[in-house]
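Here is the structure we will look at, set down as structure tokens.
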Amino acid sequence: MSSERGYLVDPRVTEKVAFALLWVAMVVVMLPMAGIIGYMLYRGASSLNWELISAADGGLYPAIIGTTFLVLLTALVAAPIGVGAAIYLSEYARPGPLVRLVRLAIINLAGVPSVVYGLFGLAAFVILVGWGRSLLAGACTLALLVLPLVISTAEEALRQIPKGLREGSLALGASKWQTIRRVVLPNALPGIITGLILSIARAAGETAPILFTVAYFRLSDPIPNSIFDPIVAMPYQLFVMATEMPEIPDETKWATAFVLVALVLGLNIVATIVRTTLRRRRW
Amino acid sequence: MMKRRAKRISEWIIERLIQVSGVLGIILVLLIFFFLLRNSLPMFQERSLSDLLLGEKWSPTHGDGHFGMLPLLLGSLYVTVGALIIAIPLALAVAIFVAEIAPRWMREFLKPAIELIAAIPSVVFGFLGLLVIGPWIAEHVEAIRVGQFAALGSVMLAFMALPTIVSICEDALHNVPRDIFNSSLALGATRWQTITRALLPAARSGIIAGCLLGLGRAIGETMTVLMVTGNAQVMPQGLEGFLKPIRTMTATIAAEMGETAVGSTHFHALFTIGLFLFIITFAVNTIADVIVRRSEKDIA
Amino acid sequence: MQDSSTDTAAGNTSDSGTRQYDEDRAFLNAPVDADRSAEQSIADHAVKIQTTDLNIYYGDFHAIKGINSRIRSNEITALIGPSGCGKSTYLRALNRMNDEIADTRTEGDVLLDGVDIYQPGTDLVTLRRRVGQVFQQPNPFPMSIYDNVAYGPRLQRRLSRAEADEIVERSLRGAALWDEVKDGLRKSAMDLSGGQQQRLCIARCLAVDSEVLLMDEPCSALDPTATFRIEELMIELKERMAIVIVTHNMYQASRVSDRTGFFLLGELIEFDDTPRIFEHPQDERTDAYVRGRFG
Amino acid sequence: MQDSSTDTAAGNTSDSGTRQYDEDRAFLNAPVDADRSAEQSIADHAVKIQTTDLNIYYGDFHAIKGINSRIRSNEITALIGPSGCGKSTYLRALNRMNDEIADTRTEGDVLLDGVDIYQPGTDLVTLRRRVGQVFQQPNPFPMSIYDNVAYGPRLQRRLSRAEADEIVERSLRGAALWDEVKDGLRKSAMDLSGGQQQRLCIARCLAVDSEVLLMDEPCSALDPTATFRIEELMIELKERMAIVIVTHNMYQASRVSDRTGFFLLGELIEFDDTPRIFEHPQDERTDAYVRGRFG
Amino acid sequence: PPQQSADGVIVEPPIDDAAQGAGASGAINQIGSTTVLPIAEAWQRAFTSAHPEIKINVSGGGSGTGIKSLADGTAHIANASRGIKDQEIQDAQARGVEPVEHVVAYDGIAAVVHPSVGVDTLSIEQLSDIYSGEVTNWSQIGGADSEIIVVSRDSASGTYESWKEMVIQQGGEAEDRDYTPAALKQQSNEGIRSTVAGTPGAIGYIGLGYINDSVKVLSVSPLGGGDAVVPSVESVQSGDYPVARELYMYTNGEPTGAIATYFEWGLSEEGQKIVQEAGFVPVN
């Protein structure tokens, strides 16, 4: 009879082994990940002190200011375009080759390497338009980079609004735009904002696109007076410290890495919380 | 009456603007392509495509400049393939684990945790590789003398691409109708048999797409490889190449753009690399998209 | 603002309503039907909507097949038929809500007061204000009760506080909801019960003075008490408008409607006075359906 | 391999089947019911599954309330009742598919051939091979027809080509699908029609020689012709197994089943021979339900 | 007087007579070579504390980046560790910018090896052999049998060019020689130093100011033979050490206004003292 079982090993045993291996894989992935992030947080946090943050010279203050301005301007540029595109896709577009093409384009934009965005920003904004290395050039470059993210999150938020609300509004004699502005957008706002926060987080951590478009290493006056000023950005600062600056003590480097990671992860966590708390709404 | 007409006109304008931003995606892709092309065309006038793609020497400032991109292409290939070899099995394992095996509380913790890993800036990975991991390996591993080599880039990239692959594969597994899982169990399959024989085949396209997107991410990654792979523009040789410094296309752009004079041959050469990168990732992403779409159709 | 306004409100509506319509019709690129007001004053049961050879397609699928029908003012018309037979599609053709669904095609005429609403250039905004719709699932906007009711009128023009107050009260009274909510007009409409939400949606339609009210299974999400309130309301409302209701509940159709249409596979099999449909249907398919459901 | 195999296949199955069961039961950590084979040889209509005081909870929700029932071999048992009354839950209790749903709790006994399948250590793999299930929506695996049928047997052991061919043919014939698909066994199962897919799912179960077949509204996605084929099939199949079918279609229940159980709010109100349930129900609730649906 | 800046915004320069003083915000943007960066930074700190009314922004990015930014008008001072190239001059002139060169410091480039390497002295020719890949093992030049690991700066640096010209191409004697592609590329002096310090058998080159105990400094004998010289401020200043070069800052036309003040100060004794503190060789 046992010859009937053509498998050498009982499938139940195979299953146990396989599941054990999956656990191992899980540990192999998560442990070093947790270890290294933990180590960084530990080194960073223990190097961090108020003086280091607040010092205008050699401290993190200029980079924090610069990154803040940069990501805010990025969001300012990306939001109207991204939300507009999302409204187009979810409210106006009728399925067809054009929409297919738009989606393909957005997917590809999401996949373009960030350094290529940097090249584009250099060629288009810095050189051709003539903005030079400036806040505006950097923000526009980053805005293009985060655009697919803004569009997809905003579109998802718009799609979550029940069809019934739109029809209810239309049936009351609202025009399409009135419906969108008064019913759809206000209710999709939390989702859209979540997407914007995620985009800000992404923009805050990107280095390659700002390499040639905006970042300076040291400024006398870290607060930009106009959008045509250069700024100091945190990821660039970290990159320069790690690869170019000899005399900077390790503590400063670790602290910068820590602040950058904390900022990016913090924004992501905020976005997640916003999303989960606001998703629990009844329509 | 007038007021209403004014309202209509402003609505008309707004709706046009929305339509424009809708198709802006297409325009942007074309613009990026156009700018890359425009800035690399002078390169093609100077060198033939085969010189560029097959030339084995990249030394832009030597003499008239040598612009053979083969070492860089191979460098990218090495690092990327290495990354995928590490990332795909692990990512699949993690995806299966999260989708089918992890207890609920663990799944609810793991999914966001993995997404958070994806959010860590690449410059931070590079920083860690350069300051901590690389020197540690050079110190402890006999065969490796310099802590900056291709395989280190692969490992770092693997961890960076992992979340992308995991989350798409997990979605693909999750989207397989529950009935398929249940009916396999109802036929007397163990859970593992169900996973390997029913679930994975059913989620196949989604998984392939996830891997392709991971591939796209790995090819395009810049800062990490710039910081940890040593950037020697050698032709990598065999398996040993993984343990030697290497230079990728992305790192070349990031490292050299600062030196070049605008309009110089070197400047155009760097844009040419950018153009190739763009074309490669465009192809990869488009294929992935086609596959995803097909898988959506399959399941529906 | 006090109790008396229920009556006056109803009176006002039909008066100012008529004037308003004439103005709005200017937006329908069609000559005003000169006979209309005369006609209406003569016959209470004037034809409000008429469809001629109406055909609707979803892509290749022929959902509505050559339907000729008349909907009369001051009547309740019930539409019955098995699931998927095209009742909703027909209903949505009457205020062109099908336009919102990609890939639909409509052929034939739908005349509202004698004017074809499908002719090019028709203003959808005005049309839908005249032909209101209450949906199967109550769908209040996630804003206050007050703002829900004021939503429609505010789309047209800026309302003074007093005007808005007046419209809100009149509409809520009209929808028999005023007493229940008058102390909490600023509360979110989402906190109302299902039946209250459905009446709020009716109040929203009243606030824009619609002439026709389309109701697509408006009670399917409601308990019997709420259903009863809404049936009462419909009978009250038909004094000043035409009402079309889709229902799966035969009892409801026979209770409230004056005329009933039976749909099957996209065709309008029979359309007649309600008692005849339920007691002496002409078509055996109607018979089978109506009996099957009564048991 | 030719036509004659239909008969022999059926013969084989019941023979080798019996042997197979004894062996498999070794996996259930319980003493073999010594009487069983004797019992079975005496009465064709032996009790195959027996539930005693079966209670099932979804979290706090008490979905199945103290059900005592017997399912017999070589019979078709139909389960009827309004939506949400617990039919599916009961059905899934019989092969412990409820275990796959988080947060369920099952109390009481379910005896399969006298052995409690809920006792700790029960091998689910063997259990489910013996108690097969066909789901409401046809759900073939996205692979070829051939591989779908061979899926179950291959889980056990590596099949030679000839063995697999034989099993596939026998099962497809058993499910009355062979003639339609024999020329395209390598085609994707996803390209079959709904009715064909459903029969393929039945063939899958036949291929693993299950003793009990649970069917949860197997015809709800099918057109009348396909439904008819499957009803024929069930009657053929009951010669060699116990069949339990959940259905909303009273006609179907009365056409095919030998015994019928009526569920209401988690209780088994009445469980009796089918003609009695439909003609002389003991409980007035059964009466009301059965009549309501017949009209 | 009010002035139209590149972006068309009318700006009021903060300092009188600042004919070419500043960008939109009125600050002096200074960008370029990472080698010059420490000087520029130290100058910026000292200078702005003496002249708080003048804002200076400093960044690295490479000599090329600096000159490029000068040409497109976004930088007022380009730092460079190499001389400007003809192509770059043409490009700048095409945009109406006239680069003017200022030598702000000298720099000696020292060859350094891992402390375990048993070689103390190399000639320029030998260094050239090593860096062009002719010699790959220390035993070929009198050391132990161990592979030579060549570390260089990345090509985004002037130092990379200078080393190539002065050492690899032996000041023009071996024009066709180039870096071996196997050379590890580092973004900075520090990168080279730490890589060399951590890698047995490694050789690299760094500016004088970056020398510390973690690496061994080689004496270099000049082309065509002669005594080996230890790199130091004195040997560079005296011209004895063969691998030395000038460090530059470029401006658009002769500096005026704030920039002139800045250069005046930088080339003064006070500024040059800072140069020396930063590890470079003063010009006077």
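Letters are used for the chains, namely A, B, C, D and E, taken in the order the chains are written, and counting of residues starts over at 1 for each.
We adopt the following convention: a contact is a pair of C-beta atoms (placed from the backbone, for glycine too) under 8 Å apart; a residue touches a chain by one contact, two chains touch by 3 or more.
Predicted model, so just to flag it, every value in this text is computed and none were measured.
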Check your understanding: What is the set of chains touching both chain C and chain E?
Key -> A
**Study point:** Magnitude of the superposing rotation for chain C and chain D (Cα, nearest 5°)
**Key:** 175
Review point. Where's the contact count highest, between which chains?
Key: A-B
**Study point:** Chain whose mean Cα position lies farthest from chain B
**Key:** C
Practice item. Specify the chain most distant from chain D by Cα centroid. Key: E
Study note, to complete from the structure: Between chain C and chain D, the Cα-mean centres are separated in Å by 48
Practice item. Starting from the mean Cα coordinates of chain A and chain E, work out the distance between those two points in Å. Key: 36
Revision key, fill the gap. Shared-interface residues of chain A (touching two or more other chains) are 11-12, 127, 175, 178, 211-212, 243
**Study point:** Of all residues in chain D, the ones touching two or more other chains
**Key:** 125, 155-156
Point to revise | Shared interface positions of chain E, touching two or more other chains | key: 61, 65, 72, 186-187
Exercise for review: Sort out for me which residues of chain E touch chain A in the complex.
Suggested key: 5-7, 9, 23-27, 29, 31, 34, 37-38, 41, 44-45, 48, 54-61, 65, 69, 72-75, 186-191, 193, 210
Check your understanding: Which residues of chain E touch chain B in their complex?
Key -> 61-65, 67-68, 71-72, 85, 87-88, 91, 147, 149, 154-157, 160-161, 164, 175-176, 178-179, 181-187, 195, 198-202
Review point. Of all residues in chain A, which touch chain B in the complex?
Key: 11-12, 14-15, 18-19, 21-23, 25-26, 28-30, 32-33, 36-37, 39-40, 80-82, 84-85, 87-89, 91-93, 98, 101-120, 122-124, 127-128, 144, 147-148, 151, 175-178, 201-202, 204-208, 211-212, 235, 238-239, 242-243, 250, 253, 257, 260-261, 264-265, 268-269, 272
**Study point:** Complex interface listing, chain A residues touching chain D
**Key:** 1, 4-7, 11-12
**Study point:** Touching residues (chain side chain B, partner chain D) in the complex
**Key:** 104, 177, 179-190, 193, 197-198, 201-202, 298
